[in-house]
Structures are given as structure tokens and as C-alpha cells.
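We just call them A, B, C, D, E and F in the order they show up, numbering each chain from 1.
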Amino acid sequence: MSNRLINWFRYASPQSFYPLAGRMIPWFWGLAAIFGVAGLGIGFLLAPSDAQQGEGYRIIFLHVPASWMSMFIYLVMAFWAATGLAFNTRLSGMMASALAPTGALFAFLSLWTGALWGKPMWGTWWVWDARLTSELILLFLYIGFIALQAAIDDPRRADRAGAILALVGVVNIPIIYFSVQWWNTLHQGASVSLTKAPSMAAMMLWGMLLCALACWMYSIAVALMRVRVIMLERERHTDWVRALLRGKE
Amino acid sequence: MLEASNLECVRGERRLFAGVSFRLAAGEMLALQGRNGSGKTSLLRMLCGLTPAASGEIRWCGRPIARLGEEFRSALCFLGHQNAIKEELTPLENLLATARLAQEALDEEAALAALELVGLLGREDLACRYLSQGQKRRAALARLVHEKRALWVLDEPYVALDRAAIDLVAGLVGAHLQRGGLAVLTTHQAVAVSAGSVRELTLGDDAASQQRL
Amino acid sequence: MLEASNLECVRGERRLFAGVSFRLAAGEMLALQGRNGSGKTSLLRMLCGLTPAASGEIRWCGRPIARLGEEFRSALCFLGHQNAIKEELTPLENLLATARLAQEALDEEAALAALELVGLLGREDLACRYLSQGQKRRAALARLVHEKRALWVLDEPYVALDRAAIDLVAGLVGAHLQRGGLAVLTTHQAVAVSAGSVRELTLGDDAASQQRL
Amino acid sequence: MLSLIRAVIGRDLRLAMRRQADIVAATFFFIIVVSLFPLGVGPEPEQLRRMAPGVLWVAALLATMLSLPRLFADDHRDGTLEQLALAPQPLALIVLGKVIAHWLFAGLPLVLLAPVLGIQFDLAEDALAVLTLSLLIGTPALSGIGAIGAALTLGVRGGGVLLSLLVLPLYIPVLIFGAGAVDATVTGLGAQAHLSLLGALALGGVFFAPWPTAAALRVALE
Amino acid sequence: MLSLIRAVIGRDLRLAMRRQADIVAATFFFIIVVSLFPLGVGPEPEQLRRMAPGVLWVAALLATMLSLPRLFADDHRDGTLEQLALAPQPLALIVLGKVIAHWLFAGLPLVLLAPVLGIQFDLAEDALAVLTLSLLIGTPALSGIGAIGAALTLGVRGGGVLLSLLVLPLYIPVLIFGAGAVDATVTGLGAQAHLSLLGALALGGVFFAPWPTAAALRVALE
Amino acid sequence: MIHWNSLAEFLAMGRHGPYVWGSLLVMVLLMVAEPMLLLRGRSRLIARLRRQHRAEAAERGQARAGDRSMANWSND
């Protein structure tokens, strides 16, 4: 028990996490590529067309994974922020900052693919629907987090301020989601509503799941890459970074 | 009472000082010295618990201040480079508001007496924004007149003051020490404090001791 | 060169001083003295043309400065209580920006030399916000190193500086006087300037001379 | 404890009074923003009536937000904040006092003005009443939540605008329930549900927010 | 003379870059305000389309205004403004430089973003084009006129909010012609007339405003 | 097995080609760009740190030499 705890803390130090992350990255890239090719293959080549939406529905293989990731990454980020505040571990803050840009990227992609889907399906790029609106606000939260951290140049302060913001934001997200839903349904019926894809064909489901897995692996790989860069930058004065850089010459 | 062991201060990529230790008993004053940028202000902020130390520990009555929290803060009076007075309020209002926030009983009469002592009588109803640099500092220092808390931490209290005011403040500190108080003080001007024993601590002289990490 | 006759300063309902006259020739320095709030800063701001005098006149090369305008300002270098440096910029950038705005040619090398002189080498790339109180003042004073304008007006330049820096600034002023420059300076610290002749002017000692109108 | 909160409120209100501009102008900002919209959008009464709840609430939100940067900035700049952080009492209590003071001079005037401005938009009486009520309940939440943002951006250069970036997403639920309550009244549905949710937000905002705010202030002072 | 203006612009832009938050966040404030309105008003596209020009212009105006207080305040606080006032060149030229720098980081991004935000309101393509054009012409006027207000409220406590009080009335003509141009396009009338008037305002704002601004600055320094 | 009869049909996506390919293109582009930017940032950082470390080492070497000369080659 205590042994495992010690192990945990050992890997929570940047010095031992750095090489570990380095070893894991290629594996995640590999998995991401495999899942991605399989998912896109099924989705774009094999899956049948949708009865209502024709071929345009294929955006679902991009849109849904991106949407899921954008929300999930925020949760993970808030988790790291909380551990950082509670246990004052250096790694936590670094992980949180490493995740934010990727989360923002997926939030943007969700908006982009959604808008490109909405134009042919609904005839408009954008409607003020609960899901769409909360996704937009999620993007703002990410950007706020990134901007706040960028504006503070002492990394420790930036971590703690960012962590407080992330935690407040995570409380806020469900509130936003439900408030927007209320807002929408209490109005006279919205002129357009999100048409849910009817019971999905198994093929579609598989394609979507594989694409989601690919995005998942991608996120892990990129976050690990970024956290390694952040570690180098922040720990540049420590002996292990010096030794590491000297060794690479 | 106040004890610091092996304090280290890191700012950005620079270690300002390390291994700073001292011990201060009742009635003693620590005079911090060192050239500009040697870390005096940083050390004072650590002593107050505003900035955490990179390593080392600070104890008050034998217990680490981080653990003491409110108990320590209620024994502490800090005056920094900034005056902590509101420019819109008059010196009198400032003094009363400060006391009220510190939950100390200070009536108007006592406050006026303090202002008279620091030479602001006649200005007590003028918004601090109109005061001269030195008068602002005096308005800030007026709190010390009735200050009974045990540990005074003063960051260059003499700046902008004229000779008369400097002597006055030195006298206040002296009286505080005589009452059994403690004081930590930085200054670039050589000013003798009348009573109490003074320990000196000089922070690392320049680049030699301030290593880049 | 600089001549003031019968200056009067009124602030709010208080006459700070009246009948202040002096005359300053090339190579001379005026050391303004007086207790806190006696009106030194107010007088300096009048000399620069920032505040109009209640009565009296200031002349530069025989002509009233109000009439001279730009001609006077291009001979003037003022440094007030405030440092006039940007906290976001580094000392180097501050120095260069100041020079550029004053339309003076100052290359990076000269700027670096100035910063080295005031002891900020090693901090030239750190945003000024991180500097200590004294280092900020040094960053502000670095402009004086290459300053060639004739009239320097310095309001308590020594504040927050350590001994070494004070001597340095006093040296700069001395060299300026030797070159035939003029200087007006206030300070509460007794600091000797090496060269040039020093005139002293003490502003009204307290309430006695400061009448309520 | 209560006396501390009262001391903080007293001091902040006195400062606000002394500055005058603060009280008058935050209110006038509200008035002007609300009056700008008809100028930008055009004068048809029907359209204006439908915009009214949204416009008034957005204006209230912006007016509150504009006064936020000063909530801690002045205290930070002149060193008072350090004194407050070194006070023996929990910093969160002091923050609570400041939040209440902020509401008293930035939120309350908006509540009092809202009915007058609502008339400009030709709102019916019951809608006016609900508008005022919703602002009365909602503005404390704006002050409380705003304090978090103000503390996080403290001492950060460019803070004023960064603040709005951080705070506006947090304000959105308040805006939706607030404007929603009025809208529901106008369309004949009850405002009850919206108002209770707004009340919950306000309680959370006022009593939960001081804690993260205090933590953020300590970070800013480090 | 030109070199002086260039030096001022260079310094101000460098400061803005250094603060980063300034550039990014003024822009995001614009985005967020524009996005708030639908939340306050409701999601019906038809109504949103008719509100769009007004909302976008009001938001641009508010975003510009929010960045105004910092135009001179920082220079004032740290003593740089005294230095500028004591510089041999006319203060108005320095002001002109600062106005241009302000537009470059506070106005230009709004212009570039407007088409994207217009899409959220379902605007047609020609309306989008006119909207962008009107902002391109109108925002320099906002910066110029705003500078007067910023200078007048300098050093006045509570200035930030007082500023909006002074400046918003002066902004109204810009708002009316700007939003009017878009509206005219939407309703099929030509935008020509509105745009020319807007151009006249912009020229006046940029080249006339620095003089009163400089005078106000000298008063603030007294 | 494969759903499409011809490449043209595949590309047209039943008249929704621009939307589908627009989504895919941007998504793939950004997801390729992000790691590329990271790699570039990383190599720049490493180069910068190497330079810094070398400069510091040189500085330190000088300082130590100076110390020794002053200390008259006392021990160490």
C-alpha cells in the first residue's frame, strides 16, 4: 500500500516522469494512427448513407469525438488543478497547462465541424441551442484559462491562479448547460432543433467509437509531448535537465 | 520569540539568499541591511507569511508561522514600501479605518493625538492625495503611535521623511522595544534607535552571493 | 540662466511660500531644503512649467518660461517623485524608449553602459516590475548618465537608494555642473556634490510661514 | 466577525462616496448602454419590447463588470491589501464585506433604476416588477462571482479586459435566468422557476465565491 | 515629426504586446458581448438578424471604450506623462501617435472579427461586407474621440466609469451612421451616404481630437 | 463492401462534399499542425537552453578562476 504510494510520488516528480512520458509517446501515436485510420475507413468508406441526412451525416465521425474530447479534457484539467492545489505537486500544474490548448483545439473543432454540418442540415451555420451555446462557452473558458496563465509569468503563481479558475469553471459548466437548456425550452419552440440521428447502424457506431478512441490517444500523446516541453522550460536550472541536454549533444 | 532558520529566497531564476538564520527575543530589533536588490523586502514579506520561502522555516514562539496562521497575524504589524493609505480619505479617516479593520479600539481623540505627534495636525481633514510625499508617509506611520502588537516589521520606514520625522519614528521603535516588543526593520540611512538591543544582519553583498540558478 | 522672482505658491487654502527668488548661473546647483510639506515639490513643478505660480515669474535665459514653451522644455530634464518607468518594460527598453521620445540619439551600447554604471547589468532584461524599490529608482536615474540637457530638476533623487548608488548620482550631478549645466535638487539626506557651486534655499519653516489664506 | 464585515463595508462605502464618480457613473453607464440600443437597432416598439429584458440584463451585467477591476486593484496598489491579508481574521470574511459593499454601490442603483428604464421599452407593469425583482436577486450573484475574476486578474497587467474574459462566461447562467424570468412573464408563463434558480445562484455567488476569491488574493500577493 | 509619432506608436505597441492580455482580451470582450445578446434576448433567428447591426456596433463601441482608461492612465501614474508633456515637441503629436497605436490594437481586431460574428446572427453576405467596412471607417473615430474623454478623466478617481459617461454621448453619431449603414444595406437602400458621413467623422476624430486631448492632459498634470 | 461506386461520387458526398471535406480537412490539418508546432517549439527551447547553459558554464568557470587567483590557490 505505502509502497504503491511511494511509487506514485516518484512518478509525480518531473525528473522521473519526463523519461517515462518520452517512452510512452510513440505508443500513443501508434494507437492514435491505427484507430484513426480504422475509424475513418469505416466511417467514410464502408458505412452506409443515412436515411434522412444522406452523406452529409459523415461529419458525425469527426464532430462527435471532437465534442466529447473537448468536454472530457476540461474535466481532466480540473482534476489536475485540484490535485495541484491540494497536494502542491509540481506535476499537476504542468499537466493542467499542457491539456488546455488541446482542449481548446477540440472545442474549436467541435464548433467548426458542427457549423459545417449545420449549414446543409439546418440551413444555417449557427443556432442558439443549448449544446451549441455551452460548447461555445466552454471554448471561452479554455481561452480564459490560457490567457490567465499567459498573463502571469511566475509559473507557480500561474498554476495556482489557473487552478482556481479551472475549478470554478468546472462547477459552472453543468450550471451553464442546464440553464441554457431551460432557456431554450421555455421559449416558444426553437425554429430548429438538433435532429438526433435515429438508431444508429452498428457500422456507424463502430466508426464513431474508433474515431473517438483515436482522438483520445491523440490527446494523451500531445499532452505528454507538451508537458515534456513545459518541464524542460520550467526545470531548466535543475541538474537533471542540464545532464539531459548535455547527454543529447 | 521570532526565529528563522536557513531561509532561502528564490526570485525568478535568481537565488537572492540562502542559509539566513537569526533569532530575535523580546525587546530586540533586527536591522536588515544590504544593497538595493539584495532581498531585504523579500525577506520581510517571508517573515510576514506573505511569500512562502523556497526552503527553511520561520517560527514564532517556537511554532512555524504557516501553522499558526491567525494567531501569528494578530501579533504582527507590517508596514511595507507602500503606504497602505487611501488617497481619497483624510489622514484621520485612514487611521481610524486601519484600526477598525485590525479590530483595535481607537477613538478619535487618540487618533488625533497620534496625528499631532507625527505633525499632521492641521492636515487631518485634507484628503491624503493632496499631502506631500513625506506627509503621506507620516500618515502611514501614525498607526505606530498606538500600536501594541508585539512584532513590528517595517520596510524602510524613513524614506521621504525629514530629519525631525525620522527621529520621531526611531523614538517610537525604541519605546516599542522597551515595552518588550520585537522589530525587524530595513533602512539605507544610519539611524540610531534609542533603546533595546539591535542585531544586525547584512544580506549577501551583490552578485557574488546571488547565484543564477 | 534660470531666474525666479517673487514666486508664490498657493495650494488649496494654504499659502505654502511667497517671495521666493533666486538666480542660478551655469555650473551652479540649487539645493532646496525644507521639512515635509514645505512646498519643495510644488516649487520644482513650477520651475518646469507644470504648475502655474500664483504670482511671480520664472525666466530662462532672460525670458519667461511660459512664453518660451518648447524651447525651454528642450533644455529641461525633470525627474519627480515618480520614476516614470514602465513596469512591463525592461530597464533597457525603458531607457531606450525615454531617449527616443525625447528625440535623443541613444544606441543600445550606450544604454547598456549607462545601466552598467547604475548597477543594473544582469537585470537589463528583467521587466521593471520585478526590480526592487531601489533598482527601480536606479533604472529611472540611468537616463542621467547620458543626459546632456542644460537644466536638471531632480526631486529627491536619493530616495530608496543605497549608499553606493547615492554617491554615484551625486557624482553624475557633479559632472553635469562641471560641464556647465544647472541643477535644482531637493533631498532630506545630506549629500555632498563634488563639483560646482551649491546655493541653498530653505523653504519656510513650518506653519509660521505657511499661512492659511 | 460581524463587526469586521461591517468595518469593511463602512470603509468601502465611504471610499465610494468620496470618489462619487463611482456611484453616479456606474449607474449612468447602465442608463447609457440601455439607451444606446434603440439608437443602434431602430425605433419599432414591438421589437424593442421583445429585446427589453435581454438588453436591460446585459447592460446590468456590463455595468457591474466595469466596476469590478477596482474592487481590489486600489487596495493592491497602495498596499492596503497586504494589510488585509495580514489581518488576524479569515480573508474570506473581509472579501465578503467587500462584495456586499460592491453590491451596495454598483448593484443596488441598477435595481432601483430598472423600472424607469423598462418604461422606455414599453414594458408592461408585471414585467417591470419581475425585472426589478430579478435584478434584486441576481445582482448580488454578479458581485460575488465577479470578485473571483477580480482577484484572479489582480496585479496581472491588462487585467481589466482579461477580467471580462474570465467573468462573462461565469455570468451567463445569471443572465439567462434573469432575462428568462422577465421573458416568461411577458409570454405569460410564470417567472417562479427562473427566480428560484436565480436565488440559488445568488446564494452560491455570495457565500461560496469569497473562498476562491480569498485564495486567489493570496496567490496574487505572493 | 513623423519619427516622433513613429516612436510613440512603437513604444505603445510594444507595451501592448508585452501585456498580451490587452490585445487578445479587448477582442474577446467584443466577441463575448456579441455572444451575450442572443442569450439575453432569445434564439429566434429573425429577431437576431434585425438586431445584428445595432448589437455589433454597440459591442464595438463598448470594447473600444473599455480599453480607453488605460490610454493615458499608466503613463500618468508612473510619471511618464509628465515626461511627455515636457518633451519639446507639441503634445498633440504625441497624442496622435498614441491614438493610432490604440486603434491598431483595439480597433483593427474588431474589424477583422466582425464578419465571423455577423454569421452568428445569420447576416447576409452584402450586409457582412458593409458591416466590416463601416467598422473599418468608424473605429478610428472611436479611438480619436475616446482619447479626449480619457484625457479629461485622467487622475480623476472613478475615472473609468466617468469616462464612459463622457464618451458615450460623443460616440452616438458614429453609432448611428455605422449601424445605419448596415441597416440600409439590409433593407435595400444604399449605404453610401452613411459611409461618407462616417468617413467625415473619422477624419475629424483622428486629426482634430488630439488638440483638445493635449490641452486636457496639460490640465490633468497641473 | 465499399459503399462508393466511384471516386467522383466519393468526393461529391451527395452534394455535401465541401462541408464534409471542409470538416475533415481542417480537423486533420489542425491535428497535424499541433504536434508539429510542439516539436518545433521543443527543438527551439532545447537550443536556447543549451546556449544558456553553455554561457553560464563559461561565466562560472571565469568566476571560479577569479576566486582562485584572489585566494592565492588556497585549497580547492
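Following the convention adopted for this analysis, a contact is a pair of C-beta atoms (placed from the backbone, for glycine too) under 8 Å apart; a residue touches a chain by one contact, two chains touch by 3 or more.
Predicted, not measured: the structure shown is a model, and the values here were computed from it.
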{"item": "Most remote chain, CA-based centroid, reference being subunit C", "value": "A"}
{"item": "Which of A-E and A-D has more C-beta pairs touching across its chains", "value": "A-D"}
{"item": "Centroid spacing, where centroids are CA-atom means, of subunit D and subunit E in whole angstrom", "value": "25"}
{"item": "Centre-to-centre distance between subunit D and subunit B (centres being mean Cα positions), rounded to whole Å", "value": "37"}
{"item": "Centroid distance [mean C-alpha coordinates] between subunit C and subunit B, Å", "value": "29"}
{"item": "Multi-partner residues of subunit A (each touching 2 or more other chains)", "value": "140, 143, 147, 151, 154, 180, 183, 187"}
{"item": "For subunit D, residues that touch 2 or more chains besides their own", "value": "18-19, 156-159, 162, 165, 168-169, 172, 176, 183, 222"}
{"item": "Sites on subunit B at which at least two other chains make contact", "value": "12, 81, 87-88, 212"}
{"item": "Subunit D-touching residues of subunit B, taken from the complex the two chains share", "value": "48-52, 70-71, 73-74, 76, 78, 80-89, 93, 97-98, 100-103, 127"}
{"item": "Of all residues in subunit D, those that touch subunit A in their complex", "value": "148, 152-153, 156-159, 162, 165-166, 168-170, 172-173, 176-177, 180, 183-184, 187, 189, 193-194, 197, 201, 212, 215-216, 219-220, 222"}
{"item": "Of subunit F, residues touching subunit A in the complex", "value": "1-4, 10, 13-16, 19-20, 22-24, 26-27, 30-31, 34-35, 38-39, 41-42, 45-46, 49-50, 52-53"}
{"item": "Residue ranges of subunit E touching subunit A (in the complex, touch as defined)", "value": "19-21, 24-25, 28, 32, 35, 38-39, 42-45, 48, 119-120, 122"}
{"item": "Complex contact set, residues of subunit C against subunit B", "value": "11-12, 34-37, 39-41, 81, 119, 122-123, 126, 130-135, 137-138, 156, 159-165, 188-189, 207"}
